[in-house]
């Protein structure tokens, strides 16, 4: 069966589609969070090195993974919008940024919480934490640029270019920070990776999936409001029941 | 020949004009009319390629302007609201550099005679910051004299000019048209070209 | 009347921007003075122990150079934007990227190169040895053009925006981190008796990368900003 994808690239059809999808993603995200955290906190055994403290990885690791992936997804949407001049892709990129920044922030926050009992310091200049911090800066730069340009079209295009430049830079930054870290013999977060218990792995994957679903739900909701904002002068928006009331 | 078909432009949410079509043949001149905010400047900037149109095509000698790219730039001369004059450079340097940007290398003598024709004799070497508003506009307009472009796109060319300068500009445009050039312009002052009918395009 | 080649257009832009900069020497000097001041504040902040100063010198000089180059970037396109010259530059028969490259090169020569030249004097204030100082200068020589290139993209993106200067730093500084790391690491390597070649060649690679792509990206950014 051939699906006409272009049909869904029109904001009006996508608005309706997203509206139907959001509850599914939101509910399954909540359920998976509950299951994942239950396994993480009550089923998974205590780590022989780190005791109970390690359990923060069930939040920390999915948040870090998502913050990085979302940047790439954002840059990909931005590139699509810039090259093919599709409005919806640009809106998607804009909608992803705050969620990506939130995950980067959560990753830093939980990293600090974990660092205190482990290293005795809230912040350690570990390669991954530092990269995560720079990633947060990149997200903030993207959002700052987008919000300081009044014309939405220019805002989309300018911040798209920034996102692309940023995503080309991300590997270089990551590599250079790692290099810097080994030079200064900094500490590295190491979980007992090979001996990870099955329940730990399960919990991690489930919370990761939950984070993905949450991100999709939130991004779709945000895209819906961006669509309304941008298209407020069109006929189809005026005819929406939620707008008329 | 410049062909514009079904052009639509907007600024922000606001559609300025749509379905705009016209053809400009060699030797023709057209005035764009309309109230403030009707999109005159946007139209001219769209023709230059600064602004991309929402819909429609701009075709130059049978080829789409977008596909011509930088080659189209050699064919046009654009004079905007801003003079593109550097305060720290002299009139001579300014004209020489702006001619070079449009791909023309000029000798000092040619630059001086152009400036003289525009009534800037004796001021060629002064930094432009000491010139008056009208004199600066004249420095900018001196580009018309040295230009090799076929299509002149002039946004308010007569602003800040005195009667004699206006007459001179009219003369320059007439020369340009008689050589087979084209011009499209906006103005709030009447512009008469001897022996030419100025077509008008009204934006509402 | 002959057509200008790409190279002569590049030369023209560089020459023009150099002349303009020389007629506004104060702007060039303020960047330089800012650099000297920031570097001189550090001993006052952390104390005058020579051992520590020698250790932090490369980092301090690099960070100060980074900040100083951010300061001057705002002017890269904005002056030409305000008086309409930028529009004329976009209408040249040559690719816009060539003009952008010319402007960036000229910008580096009036605001990056002076920092490199004065850096030895500041290094001596921090009791750096001749060997480490040499590598610092070499690193700055390779790295500051890259800062100007990346900064050029940021300057083009933030053209004409409110609070453009601060925004510009926000966008550009994270992207400059690799330069900072490799530049200071080269000096550290020499100080600990290792070879700085790998760090310097990485800086060189970044310079080549920036030279290839940055002018083109900045030209695209200018087109977006001029709409």
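Here the chain labels run A, B and C in written order, and each chain numbers its own residues starting at 1.
Just so we're on the same page, a contact is a pair of C-beta atoms (placed from the backbone, for glycine too) under 8 Å apart; a residue touches a chain by one contact, two chains touch by 3 or more.
As the structure is a computational prediction, the values presented were derived from the model and not from experiment.
Trainee: Kindly work out which chain lies most centrally, taking the average of its C-alpha atoms as its position.
Mentor: Closest chain centre to the overall C-alpha centroid: C.
Trainee: Could you quickly compare A-C and A-B and let me know which has more C-beta contacts?
Mentor: More C-beta contacts join the chains of A-C.
Trainee: Please report how many Å separate the Cα centroid of subunit B from that of subunit C, as a whole number.
Mentor: 36
Trainee: Could you grab the centroid distance between subunit A and subunit C? Build each centroid from C-alpha atoms only and quote it in angstrom.
Mentor: Distance between chain centres: 32 Å.
Trainee: Measuring from the mean C-alpha position of subunit A to the mean C-alpha position of subunit B, what distance in angstrom results?
Mentor: Centre-to-centre distance between subunit A and subunit B: 49 Å.
Trainee: So which bits of subunit C are touching at least two other chains?
Mentor: 227
Trainee: Please output the residue numbers of subunit A that touch at least 2 other chains, ranges allowed.
Mentor: 151
Trainee: Can you list the subunit B residues touching subunit A in their complex?
Mentor: Answer in residue numbers: 11-13.
Trainee: Where on subunit C does subunit B make contact in their complex?
Mentor: Result: residues 1-4, 9, 12, 16, 19-20, 23-24, 82-85, 87-96, 226-227 of subunit C touch subunit B.
Trainee: Show which residues of subunit A lie in contact with subunit B when the two form their complex.
Mentor: For this pair, the touching residues of subunit A are 150-152, 232-233.
Trainee: Which positions of subunit A touch subunit C when the two form their complex?
Mentor: 134, 137-138, 140-141, 144-145, 148-149, 151, 153-154, 157-158, 161-162, 165-166, 169, 172-173, 175-177, 179-180, 183
Trainee: Which subunit C residues qualify as touching subunit A in the complex?
Mentor: 153, 157-158, 161-163, 167, 170-171, 173-175, 177-178, 181-182, 185, 188, 206, 217, 220-221, 224-225, 227
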